[in-house]
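Following are the structures in question.
What follows is chain A paired twice: with chain B in the first complex and chain C in the second.
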Partner chain A sequence: MPNVQSLRCKECGRDYPEEPIYVCDFCFGPLEVNYDYDEIAKTLSRESIQDGPLTIWRYDQLLPASRDNAVNIGAGMTPLLKADNLGRELGLNNLWIKNDAANPTHSFKDRVVSVASTKAIEFDFDTIACASTGNLAGATAAHGAKAGMNTMVFIPADLESGKVLGAAIFGSVVLVNGNYDDVNRLCSELGDDRRWAFVNINMRPYYSEGSKSLGYELAEQLGWHAPQHVIVPVASGSLFTKVYKGLNEFASLGIIDSADTKMHIAQPFGCSPVAKAFVEKQAHPKPVVPDTIAKSLAIGSPADGYYSVSIANKTGGTGTIVPESEIAEGMKLLAETEGIFTETAGGVVISTLRRLVREGVIGPDQETVALITGTGLKTLEAIADSVETVTIDPTVRSFDDVVTGAAVG
Partner chain B sequence: MPFRRVKFVFKTEKIQSPVIYELGHKFEVVTNIRRADIDSENGWVILEIEGSVDEIERGLEWVKEQGSEVHSLDGDILAG
Partner chain C sequence: MAVTVKIPTPLRKLTNGETSVDTDGSTIGAIVDALELVYPGMKERLVDDSGELRHFVNIYLNGEDVRYLDGLASAVADRDELSIVPAVAGGLK
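Up next, the complex of A and B:
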């Protein structure tokens, strides 16, 4: 059962009732879900969690919606895999890959939308909406379909057809003629005057809490402790702040002993306002116009950028700007060593990891988790120039000439 | 009445300019400051601007032309 006490402003600390609101009326600070931790501590235990379902809803005492009525297509409890091959390549003996591409619509967005759509029904909304260029579109469309809600998924009209179809199969996709700014402005206006559950506008305080489940799962799957390092791909910064929050909630509730994890920001060169702010020792990221192949990280004005920089500093983490040319390299490296085909954001993470090892930030025996947040099958164009194949005639001779010859010679 | 929540970021050379006062006089918008942090070199102000959609857009465009940054407070809605 949910243990929500209030929504609390992250800036001024003012409390608000649990409603579909997201910004403080007084200081315009963002609102965050505030729980009754004393009540939670009475019943939450490792055993109570392990008795729950194999989804994010096993942590429902720390989520803002009830699992009894959850819109559940199976988000969460994705594999945490020991990455010995990649570790050997990089010089790490204790490396783990959290593969969130294994979620139902193949990205971590299923976690947040499962919570947002469940909460939307609790609030009696009949329409759920989002604006997306990829993963969020699929997650929202799928959960909207499962919930039987009216669903409005806004996508820029010039998006690759594969991504459009990946969401449109669930119904309710609206293509918008315009650039990113046009879509942002349209959805901001629609969010203001329609009674819709807009997952990352008025549902944002609840939606973002779904990402905490990644932090909980890391701790549980590692045997009830927090890792020493986590590398997180950063777009809005919401995932980054919530993984940190999840680990720290577990520590303060005694589920794990401590949460001394160093939180590392990974961003691509073409959209790196948060990592750049960290590197330049600025508190507030300066918005940019995104120009990166890592489309799922292309948020030029990150709502949680300030908080992400603050957490990276507080935990002894870092901010890394990955050259665009290294994104596909990272994708290939993970695929060739661990058999995991990540989206471009994962390429940014793996290349960040490689840099942090080379720079001595991460030591050989330190327990490290790299977050893979989505599948590469949605971003095939990113590796079109990086992957090589051989072609043969349908004869053994041709096989021997081309393949065996290539292997030997 | 439509409104926008925005953040203005001022560079050193604009710290002394009454940008918000002029915004309220040149355009038919009501400005309402909620948070700010300004010193002699840098400054930002978080405020609400109320008015018609067109007048808000024209006003924000004017602020940009004055050399100040204008950011939507909600960040980008369009997500990956």
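Up next, the complex of A and C:
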């Protein structure tokens, strides 16, 4: 049951009607969904949420689309796991992993695309589109298929086969001869004279609201309170700002008592404009040309970078730049301790966590959540050199020689 | 200092459709003030109430983002080229 009042410019506060638009005509600021919170407060409760479906749509009062006709392949309500093994390794007694790789297309992007595609149908679009390098491609293609919409997913032709095939299986991928910037430019031109719902362009105000569900779930799954620390992988910064927004909406609506969560930015050395701005006390991240193995974080000019730095400062959080060499280490550490195979972005998160503990930013008993936003199966190349296997002949002797022998010797 | 300023599509209503205009000023801030005199309404589109460049307005001085120079205080030389470019507020990806 949507309670949307308007779209409102995050910068100058001008209101706009609920349409597929995303930029303020006056000051070029981003538009954000503005809700009637008084109306929401009348009916929203822990019980009303718990009575809802086991997807992001249990929070539909705080989402900009109706769950009655949601494009739903099961996004959300992913496991929040107590990470005692990893905690022991790092010296933390109250560590949790939010495993968003457990979403239908194996990343948090299902949350945002479920909302964007539902809204696209409400707006009578018949085509849903995106430019992507991976996770968003799969999520958009899958939701487009479920919705029965024409789907146009544009990706660079030289992407890893896992990402290409993982999106193309849904039937609607266009490979573009060019790099990611070329793909983006093409999509902007295509969008100018076609009535398409580009999930991360003209649908962005609605799309990005889907990420708030991660914040809501953390609070609900922890037993209706906000954690003391959250570590978030940052690309555009949208997820970072929306997790914060979700926790704060819950607090202001009385669903939880308070939201004093310290928000921590995690970025890889090869693309760290937001963390760098935090460290250097700059309000505006300076754009960079990305060169990182964490490709899902490779946004050199992050749209919500400014807001992310501001939130990290406001909450007493931090910004961490993880050396590229520690990304695979972080992936291995999580895999070997908790049985979770994350993508490179998760490796950045785990290595950030390790650094924050060493620096004393996170105390041993403080409740901490690390966000794992995608699966390692999409970025196998990243760990090819750091994982070892043995090969034997199909004989016991060979097993004894190679495996047992290796173990003993 | 005579400089040429490139005007983006959304602001061309203020310049009567001109895509670039010539003006004078020794700093970016002075040029913004000079533009306001000739094209009333321009300044509030570029600068916020506290006098800072709006977060989603980029001004490039000979291709350099002035935010990473001295902002509105950045010095401008004769025949420099200025471009006003709205940030892609929505971003991509």
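Here is the rule we go by: the second predicted complex is superposed on the first by the 409 of 409 C-alpha atoms of A that agree within 3 Å, B and C clash if a C-alpha of one lies under 4 Å from a C-alpha of the other, contacts with A are read in each partner's own complex, and residues count from 1 in each chain.
The rule is short, and it goes like this: a residue touches a chain if its C-beta (ideal position, glycine included) is under 8 Å from a C-beta of that chain, and two chains touch if they have at least 3 such contacts.
On a predicted model such as this, the values are computed, not experimentally measured, just so you know.
Engineer: Using the touch definition from the top, say if A:V357 reaches chain B (first), chain C (second), both or neither.
Structural biologist: A:V357: touches no partner chain.
Engineer: Answer with first, second, both or neither: which of chain B and chain C does A:E189 touch in the superposed model?
Structural biologist: first
Engineer: Can A:L218 be said to touch chain B (first), chain C (second), both, or neither?
Structural biologist: neither
Engineer: Is A:H284 touching the first partner chain B, the second partner chain C, both, or neither of them?
Structural biologist: In the superposed model, A:H284 contacts both chain B and chain C.
Engineer: When the two structures are overlaid on chain A, which partner does A:A116 contact: first (chain B), second (chain C), both, or neither?
Structural biologist: A:A116: touches no partner chain.
Engineer: Contacts for A:V274 in the overlay, against chain B (first) and chain C (second): which applies, first, second, both or neither?
Structural biologist: After superposing on A, A:V274 lies clear of both chain B and chain C.
Engineer: Determine, under the contact definition given at the top, whether A:Y306 touches first (chain B), second (chain C), both, or neither.
Structural biologist: second
Engineer: State whether A:S132 touches chain B only (first), chain C only (second), both chains, or neither.
Structural biologist: After superposing on A, A:S132 lies in contact with both chain B and chain C.
Engineer: Under the stated touch criterion, name the partner, chain B or chain C, that contacts more residues in chain A.
Structural biologist: Touching more of chain A: B.
Engineer: Residue overlap on chain A between the chain B contact set and the chain C contact set?
Structural biologist: Common to the two interfaces on chain A: residues 11, 23, 26-29, 131-133, 136, 180, 184, 187-188, 200-201, 235-236, 284, 286-287, 299, 301-304.
Engineer: If we count contacts the way the header does, which residues on chain C are in touch with chain A in the complex?
Structural biologist: Residues of chain C touching chain A: 10, 45, 48, 54-57, 65, 67-68, 86-93.
Engineer: Where on chain A is chain C touching in the complex?
Structural biologist: Listed in rising order, the residues are 11-12, 22-30, 131-133, 136, 180, 184, 187-188, 200-202, 204, 235-236, 238, 284, 286-287, 299, 301-304, 306.
Engineer: For a test of understanding, state which residues of chain B touch chain A in their complex under the given definition.
Structural biologist: Touching chain A from chain B are residues 2, 5, 9, 34-35, 44, 46, 48, 53, 69, 71-80.
Engineer: Quick one: which bits of chain A touch chain B in the complex? Just the residue numbers, please.
Structural biologist: Per the touch definition, chain A meets chain B at residues 11, 23, 26-29, 109, 130-136, 154, 156, 180, 183-184, 187-189, 191-192, 198, 200-201, 235-236, 284, 286-287, 295-305, 345.
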